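What follows is a short report on a single structure.
As written, the chains take the letters A, B, C and D, and residue 1 is the first residue of each chain.
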Amino acid sequence: MVSPEPSSVAYDLLRWMPLIPLLASGFNLFFGRALGKQTAGALAAAAVGASFALACYVFWQLPAHGIWRDTVYTWIESGSFQVALSFQVDALTAVMLLIVTGIGFLIHLYSLGYMAHDEDRVRFFVYLNLFIFFMLLLVMGDNLLILFVGWEGVGLCSYLLIGFWHHDHNNTIAGNKAFIVNRIGDFGFILGIFVLVTELGRQGIWTLDFVELQQHVKMLEPATITLITVLLFVGAAGKSAQLPLFVWLPDAMAGPTPVSALIHAATMVTAGVYMTARLHFLFILAPATLALIAVIGAATAFFAATIALTQNDIKKVLAYSTVSQLGYMFLAVGVGAFGTAIFHVFTHAFFKACLFLGSGSVIHALGGEQDMRKMGGLKGFMPVTYWTYLVATLAIAGVPFTAGFFSKDLILWQTFSHGATGLWSIGLITAGMTTFYMFRQLFMVFHGECRVDAHAKAHLHESPAVMTLPLMILAAGSIFSGWLGAPEYLWGSRWEHWLEPVLGVSEVHHDSVSTEMIITLLTLGVVVSGFLLAFVNYRKTGAQTGSQAGGGLFYQISFNKFYVDEFYDLAIVRPFTALASFFARIIDPWVIDGTVNGVATTARRFSNIWRYLQTGNVQHYAAMFLTGALALLAYFLGQL
Amino acid sequence: MVALHHYLILSAVIFAIGVIGVLIRRNLIVVLMSIELMLNAVNLTFIAFSRYLGSADGQVSVFFVMAVAAAEAVIGLAIIISVFRHRQSLDPQEMQLLKW
Amino acid sequence: MIVDLAIITVKAALVLFMVLNLAGILGWIERKGSALIQDRIGANRASIFGFAGLGLVNTLIADPLKFLTKEDFIPPAGDKFLHMLAPCMALFPALVTFAVIPFGDVLHLGDRVINLQVAHLNVGILYVFAMGSLGVYGIVIGAWASNNKFSLLGGVRGSAQMISYEIAMGLSVIGVLMIYGTLELQEIVRGQATLIGALLPSWLSFMHPLIGWLPAWGIFLQPLAFLLFFTAAVAETKRIPFDLPEGESELVAGYHVEYSGGKFLMFFAGEFAEIVTVAGLVTTLFFGGWQIPYLLRDGFHFPWGGQWLLPQIAVVFLQVGAFTVKVFFFCWLQILLRWTVPRFRYDQVMRLGWKMLLPLALMNIVVTALWIVAWQ
Amino acid sequence: MAGKDLTPPATQGVARPLENPIQWFHAASSVVSGKWQCRSMDMASVIFYLLATLLVISSLLVVFLRNVVHCAMALVTALLIVAVLFVTLHAPMVGILQVMVYAGAIMVLFLFVIMFLNPVELERRRGVWWGFGTILAVMLACVLTPMFIIDESPANPLAATESFGSPEMLAKSLFNEFVLPFEIASVLLLVAIIGAVVLAKREH
């Protein structure tokens, strides 16, 4: 499938980028234990590092308007319908490559320290490398099918890693939950793919290749496109934890913290955003879907933020904040600012990874303690973690000249300028809440008097360099990564131009700089108020931290996550299990088995009659045989 | 002059006689002999056809039939011997352990 | 047409006459020969006026008379029909085998060219083996028909032994057939007229003065085959050292214990006819049949130059005479064997047949095939 | 030097055809039909019907004689007659093979086994079953026979060349087009030998 694009050149270096982690994974799977656990981890990290280096090389070499392709072989060929196992790299993919491999590399390094005491960390690294492989497949695939394979693959790895400590039953349950919820999304996704293929096929175009799709989607009538995009978005919502399918992500925190950082914050959950950006040519043809996406994005952002306000589990807070940040991204997608969405993906990857790793370092130091009420005053014990955490918090809160500031404000500004004032206001409030819960967390964890129990306090220590180094790098990233996309009234954005060849000319309205600055100041105001609220309540953390028992109705609702899980349990899970048990008790034993056994019994009855033909006497058999032959011969004789 | 179907009918008759032997004899050795008789009837048709159609293939196939017949006779007789050792009889109708 | 039929009939009758008389004569020769070997006088009663030299002549008459006048005993519990049939089945194959053995080249009578051979079959040698394989029935049936455990044992032994040795015999001849490239005995004999010199491959040409002058007889080209064939053939005739079916010391007289009179005469004659047949076959296959070295149709042509032309009729007589002499020689060789070699044990017979002759024959075939592929 | 010029004129002379029993049959047939004016059937037909009658009789004997050895002898007779039929059908090679393989080897094996086991008692017969089987077989014959009376069945054999049915012809088609079945047949025989040894061996 050679693309009609003039600037698309074959470049068979690409296949090595996903291949190296796969090979490392397979090698560790079979020889890892023989290799020695530390070495296995180092090998895994080295593999990801190698593909990171490749990614950087490709990034620098890639011409501005170019697409690099690497067709390995034709995978499916049925008539004119052809699917090749082939990779492509354009600007968008290049960015995603940098995120995936770069963050992935850092987190591999971090995991070397974090999992140092775990028994079967070889398995851990096998999974991790496998995940990198599938993620690269997802972002590099040049057709929907490969993207889907990667899509399912990362889902699988996420399931495996959430249930990594499978000795605790809750972890496995969480893994199942994530898997099942993702199934729902993927079902919609693959339905979308089917509809797309068949509809195009009806027009005579049998292809899944992105470039060809982009040329031909105009043929479809709008209703179809809307249907397709909605179905695809269901998939995106499942993978990126949007309403109403977000419930799996908080539970996914049961996995090891690096996993939460890599999969459930930086890379996998942004796959939905990537997919929409990759198929933007479809989505911009379906304004209705875009509106739906925008609404759902805003709602998710707000909703998750409200839940995050009251959580006490350090990772739960981060999880809900991830959900709400993803909501921001989809808000951007919804208002048609795909570039901005990807930009937020980019920045968010840095600071959210940094936050997760920081929390991981805290948990590591406390020997697995995750409840913020049992922390506090850790600032003194682990300075590096504290400062990096602070930087990341500032970034996510959107303090000026940090990454979050640029990306989030860009999203808000896009929303506003897109004319969706209501959504914009929701985003604004969410920004304030974000600041609040992040600083609440910061204060509860690092400030005030230390509430750590003596036993854990005894060996409270700063994490080793292999863990703190990634923290520092990510902290730096969470400041400077945003400077690529500065607004016009500063030095201006290089981001849009980079993505233009893929996403088309950016739709950012730079008309009224004054309005933009006013909007920004407004946001800053909300942020500052949120900070002050947190400062007042949680600076010298004492009674309030333990006071979730009381609190108003709103507090209860938020603390209990709006009872969403309970609701799902009541509305979906219970009826489903009831139906299942009905089938298991009534249908299966009585109808199915009844039929089967009935057939068997009838057969036995009849054979009881017929078996007397088997006299055991060879000559009788010969006689029967001859009789049959005679009948046949007579028949043919009649034919003659 | 002798036409082809004379030979065919002759062989049909011989074949039928062989069938009688297979069906009614109560001595395994004779049953085996009757099978040989049937094989010969078939050979006769082969040769007759090869003569009347003027092709060598019929004779070649007779050659193969002979090879198979030899193998069949050898194995059959070996089986008969071992059966006779176990139950001092050659009557196929007494060997009905496999009935219903 | 009628004349052709007449000629064939004459040839058949002639051959039959020769074989039967030879058998009779051999009966006398065996007696005398054994007496010679064992330092006895031997058959000297049937003399005319005390002149035993004529014993040969009247033995030919006396023996049959003696047998025919004896009582023909049939065991009461035996199977009369088969008991009568068996001797015929023993005699018949030995006689008919001679039909394909050529006893001379062509004879010109007027414008008519007569091939001195009863039946010119293109399957010649196979016919010989087919008839030889029929010889078993005489023994087996005879043994079974005379309801007697000794004869039954003899019959079982005989059938097993003959089947075993037929295989070795048949395989041993194949080398010869490959060399001469035909199954037809007359052709084989004619093929033996050439000289080895004509067959030598180029790289052996230095051997030419040494063996080049030899006639291309089977014995020179296939010595191993000759040994195998002769041994197997002697075993087929069931004579010492292979006379297990009738070993007197073990099975009184084996398969013909219960035979007497004319029927026994037929067994007896059958045995001697077999001797003649074997001699004829050995002669034909390995010793140039009716060939005399350097004697072609018009006389002698010597490889070292010089020739001696003869009238065609003389040539024919020379050929027939040569054939007869050779056959006589091999008959005598068998009798000599019978009176000088002790009898095998049965397991030895089987081992010899299956573990010695058979593999050797196969090896001979392989070597011959390789030679032919390499040099022709 | 010698050997080439030795092929005598006799081999393609008039005497040649009569040296072959097949030609002998036809010569004799022509002679007889020339001598006694039997219009109805020539010698070949006489020979055929004679052999056919003998064959049927001996086959019936195979099936209906009670003594196993008698059956075997009848079968031998039948096989020899079939061999003669082959020869009259210009298949001398196959005929000889028939005698060698069937009469010479297989039937001797049968006799050997019969004497080896020596089943003394004659078999008892069961009337009903005999009748039934016979009726079935007769029906079979009745069904088969009309199938063979086809109009286009060649009434006269093709004019056979001298080499038809000769070992050369058989060998040519056997080692060219049928070489694979040939090899397979050899393997089959080997298997049969080993199998027979294993089966008939008295286990210790």
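Following the convention adopted for this analysis, contacts are C-beta pairs under 8 Å (C-beta built on N, C-alpha and C of every residue); 3 or more make two chains touch, one makes a residue touch a chain.
Note that the coordinates shown come from a computational prediction; the quantities given were computed from them, not determined experimentally.
Student: Does C-D or A-D have more contacting C-beta pairs?
Tutor: Counting C-beta pairs in contact, C-D comes out ahead.
Student: Among all chains, which one's averaged Cα position is nearest the averaged Cα position of every protein chain shown?
Tutor: Chain nearest the centroid of all protein C-alpha atoms: B.
Student: For subunit C and subunit D, let me know how many angstrom lie between their CA-based centres, rounded off.
Tutor: 27
Student: Averaging over Cα atoms per chain, report the distance between subunit A and subunit D in Å.
Tutor: Taking the average C-alpha coordinate of subunit A and of subunit D, the gap between them is 84 Å.
Student: Calculate how many whole Å lie between the centre of subunit B and the centre of subunit C, each centre taken as the average of the chain's C-alpha atoms.
Tutor: The answer is 35 Å.
Student: Indicate the whole-number Å distance between the mean C-alpha point of subunit A and the mean C-alpha point of subunit C.
Tutor: 99
Student: Would you give the residues of subunit D that are in contact with at least 2 other chains, written as numbers and ranges?
Tutor: 93, 97, 105, 109, 114, 116, 129, 132-133, 136-137, 140, 144
Student: What are the residue numbers in subunit B that touch two or more other chains?
Tutor: 19, 23-24, 93
Student: Quick one: which residues in subunit C touch 2 or more of the other chains?
Tutor: Residue numbers touching two or more other chains: none in subunit C.
Student: What's the complete list of touching chain pairs for this entry?
Tutor: Listed in label order, the chain pairs in contact are A-B, A-D, B-D, C-D.
Student: In the complex, go through subunit A and note every residue touching subunit B.
Tutor: 611-612, 614-619, 622-623, 626
Student: Touching subunit D in the complex: which residues of subunit B?
Tutor: Spelled out, the residues of subunit B in touch with subunit D are 1-10, 12-21, 23-27, 29-30, 32-34, 36-37, 40, 43-44, 47-48, 50-54, 56-57, 59-60, 62-64, 66-75, 77-82, 84-85, 90-91, 93.
Student: Sort out for me which residues of subunit D touch subunit A in the complex.
Tutor: Residues 129, 132-133, 136-137, 139-140, 143-144, 146-147 of subunit D touch subunit A in their complex.
Student: Can you tell me which positions in subunit D touch subunit C when the two form their complex?
Tutor: Spelled out, the residues of subunit D in touch with subunit C are 1-3, 6-11, 13-16, 18-21, 24, 27-28, 30-31, 67, 69-70, 73, 76, 92-93, 96-97, 99-100, 103-105, 108-109, 111-112, 114-116, 118, 163, 166-168.
Student: Going by the contact rule set out above, which residues of subunit C touch subunit D in the complex?
Tutor: Listed in rising order, the residues of subunit C that touch subunit D are 1-2, 4-5, 7-8, 79, 82, 85, 105-106, 112-115, 117, 119-123, 126-127, 129-134, 136-137, 140-141, 143-144, 152, 155-156, 159-160, 162-163, 166, 183, 190-191, 193-195, 198, 216, 296-297, 301, 303.
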